[in-house]
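Here the chain labels run A, B and C in written order, and each chain numbers its own residues starting at 1.
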Amino acid sequence: MNIADYKDIYVFCEVKDGKIHDSSLELLGEASRLVNNRPSLGYKVVGLIIGNYDEHLIDDIGYFGADKVIYLKNEGINHYSTEIFTSLFMDVINNDKPDIILVPATVLGRDLAPRVAARCDTGLTADATKLDFDPENLESPLLYVTRPAFGGNLFGTIINETKRPQMTTIRPGVMEKLKKHTGRQFIKDIRNVDISTIKDSVKVLEVLQKDHMAVDITKADIIVSGGRGIGDNFHILEECAKMMGAEVGASRGAVDKGYIKKDHQVGQTGKTVRPKVYIACGISGAVQHLAGMEKSDYIIAINKDPEAAIFGVANIGFVGDALEILPLITEEIKRYRERPF
Amino acid sequence: MNILVLLKQVPDTTEMQIDKETGTLIRAGVPTITNPDDLAGMEMALRLKDSYGANVTCITMGPPQARNMLRELYSMGADNCVLLSDMKFSGADTWATSNTLAAYIKTVDYDLIIAGRQAIDGDTAQVGPQTAEKLNLPQVTYVDDIIDISKERIIVKKALENNYEIIESSLPCVITTLSTAAKPRYMTVKGISDAFTKEIKQVSFDDLEIDPTIIGLKGSPTKVKKTFTKEVHKNSDVLHLDGKTSARKIVETLLDLNFIGK
Amino acid sequence: MYKGISFDLSEKQLLMQKLFREFSQQEVMPIAAEIDELERFPVETVEKMKTIGMLGIPFESKYGGSDGDNLTYILAVEELSKVCGTTGVILSAHTSLGANPIYTYGTEEQKLKYLIPLAKGEKLGAFGLTEPNAGSDAAMQQTVAVKDGDFYRINGSKIFITNGGYAHTYIIFAMTDKSKGTRGISAFIVDKDMDGFSIGKTEHKLGIKGSSTTELIFKDMMVPKENLLGPEGKGFAIAMSTLDGGRIGIAAQALGIAQGSLDEAVSYVKERKQFGRALSAFQNTQFTIAELQTKIDAARLLVYRAAYLKDMNKNYSSEAAMAKLFASEVAMETTTKSIQLHGGYGYTRDYPVERMFRDAKITEIYEGTSEVQKMVIASKILR
């Protein structure tokens, strides 16, 4: 392997609900930032998309920062398939020799990227939150990838000096996308690909909606969040949240104990949220949790332990039992709403 | 049916704390646990054993202390436990780990491999898919339920961001499981009594046919350049009030922020 | 290597302790207050204990047991009692008093028929010795068994029977020959479905309120002669040796209640602030906690020693009595002081120490009062 043969930053673009998913647009933005910061490399941002889509989708990839879009097109691809996507991705790696590949750390991205990395025997860093080129050698294309570990208690900066491409998946919601710029010039490289020789022994039989209203706590303005100490009493949080039009969040401790479903989890291994108000109830404030909510505009913390770390990031803190205080809040708001004037 | 379950012993990261003076991670005294996603996979394997009489083999790669975890897995109902342990394996990234696991798995019979989606110490979610790749097996990740299994194929429910997919895969294959997929059973008293009479198969570098340049720290393409902890800033008012006053004050705050509709 | 006294649990016992602790925290603690309040026997917990093999810990697997030892069984009672004294005594009465006499004195046929379902947890066991006029003076048995063909016809009643009404198999004692005094007492294995067996009054108690404590009434109860446990006339010896073992279980219950209440107090004093400081910052708090934990540790050593001696097949009668005497006193002192450390809140049902305080008292009374324990201990010293 001649490392010097590899160039450019490739961004895998995921399509969801007929649109390029935000997480991919964010990576196009980050890739642009990287190439602009190190112009001496002469790297381009290349968007890669696989499937069977309308042309306007391809345009979005360019409008959000790609200098070139490689579209691997086959009318037979109507759904993601690990094997088909991996095989087609490999063809691009072998042909085009990308130096850096960024993949969003979505469910799809975290299914695909490890498979591709293993097939081309390169390194892969998971769920990164920060990217930079080697700060010590200003000519170097070596990527410094920072990611949390040990539940967000520790951060590590990872490099891959020996293998190419340098691959990483990146946490959604962390990088910034560029403003859509419809006048942007970019190259379209549409390749009609053959998938007839790819053996795919996995098939999707059915797509089911989640049985409850899909909880998307990342879009909530207010989140009422509970820790392990809430135990089986998450209904108390739900009642209070309902009264104030909030969503319910949870710490990893509560989710691991099975008190509430995983899609409510806030933190390094859950969702990163940025609501206008975050009410932390009985959450001690492990770094793992803080990482997912500390950017909230206003943080209210309730905890029995006056020394709890959560008070360190809160705008206002209350020492007390959340299970006692929450029903009182529910009542108070109810009374306020029902006031006669 | 032979089921292999891949598991990892991990520090309980929810118990980890930062030393407020030095800003470093306090590792001493942090208990080790079986990784929660893996434990759900173990439970799924045991349920298949209960229903179809499968043979469940637990495989882990780790230091000698991982034997403690394997004893617990025996106590839950594992039929065999294997520990891949060698200084040459240690410090591996996910690629090198997968090479090691695959090298061992190639030597045994199996119909299904179940791995936890991700481990709570690294949170990579990569070892399952990469082991599947090295064994040239199909994979289904983020599995929330096994719906049906026959000799040739398995049907599972996969959890995506906002929906589920019902997916069929041929066997053998690798599935990776979420911690919420199945609540792990307790060990049993009899299981513990017997666990200490059962053999934990020990596999070292010399037992495997593997290129030493693709394993362990030296064989890992990714290297840790540096590690650091994050500091937390303190800026809050902490009030000691009775419940009623606290509640009123919170509602007032929400009103001030215009968060309670008039 | 140093050879002498070992204070370490084995790796196996430590893993057992971990299982019992997880089980107690996750399955028993959440309902402890409720079953106390409602005086409800926790049938669901018994079912769960059955699933993980807790109802036959010290018995061999050929008799349906879990191949554990007595110390392991004691660890189970301790962990359960840390969070719920009721559940602790259900297990203790079942294992030590219901199943153990059959294991120790039963014929092979009796073990196959009665011990296996008990050890597997399919049935619950109990023990009936106490009568209205035979408490500490157990020799004053008035229940009578008269040989009648292939049966014994038994008439009389027993009181204060733990697990009464929920147990299927009872070890009961009756006079087969009044003229011989204690040597005229015999032991029987009784099935609740036998004709003439009925449950009388259910007691309402100060503590361990989820456990069942009832009267047993025998009215011309016909017990097959093959249900005689041990030889005729050996009943009193069987009862006394069974109680020796039972006492280790009750001592473990007391130990668990003590540790559980101190654990509650410790977390409370760290949280609660008065005069601007956490209660744990006051020296009075620190000294109280130090004294209590020291006594609890001393009790633990006595309890584990008694269980160890039983496992070694050594004589443990006096050591079991010491363990129960001391552990039950420590339980009373610890629960009393744990409430004191909680202040007014400790007196309310919002905190578990109130329940633990009520649960502790019985450990000084049943399976031999503290006074009886002193008699046992003194008789060995002064013999």
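Couple of notes before you dig in:
FYI, contacts are C-beta pairs under 8 Å (C-beta built on N, C-alpha and C of every residue); 3 or more make two chains touch, one makes a residue touch a chain.
Keep in mind that what you see is a predicted model, and the values were worked out from it rather than measured.
Summarising the inter-chain contacts, the pair of chains with the most C-beta pairs in contact is A-B. Most remote from chain B, judged by the distance between CA-atom centroids, is C. The chain closest to the protein's centre is B, with centres computed as averages of CA atoms.
Centre-to-centre separation of chain A and chain C, using mean CA positions: 55 Å. Separation between the centroids of chain B and chain C, computed from CA atoms only, is 40 Å.
A separation of 20 Å divides the Cα centre of chain A from that of chain B. Each of residues 240 in chain B touches at least two other chains. With touch defined as above, residues shared between interfaces to two or more other chains in chain A number as follows: 306, 319. Those residues of chain C in touch with two or more other chains are numbered 273. Remark: chain A residues 82-83, 86, 106-108, 110-111, 113-115, 117-119, 121-127, 144, 148-163, 200-210, 214, 216, 221-222, 228, 244-245, 251-253, 255-256, 258, 261-262, 268-269, 276-277, 279, 285-288, 290-291, 294, 298-302, 306, 309, 311-321, 324-326, 328-329, 331-333, 336-337 touch chain B in the complex. Of all the residues in chain B, the ones that touch chain C in their complex are 71-72, 75, 186-196, 240. Put simply, chain C touches chain B in their complex at residues 11-12, 15-16, 19, 22-23, 51-54, 56-57, 61, 65-68, 72, 273. Touching chain C in their complex are the following residues of chain A: 231-232, 304-306, 319. Listing the residues of chain B that touch chain A in their complex gives 11, 13-14, 16-18, 25, 36, 93-95, 98, 118, 120-130, 132-134, 138-142, 155, 157, 159-170, 173, 178-180, 183, 214, 220-230, 232-244, 246-251, 253-255, 257, 259-261.
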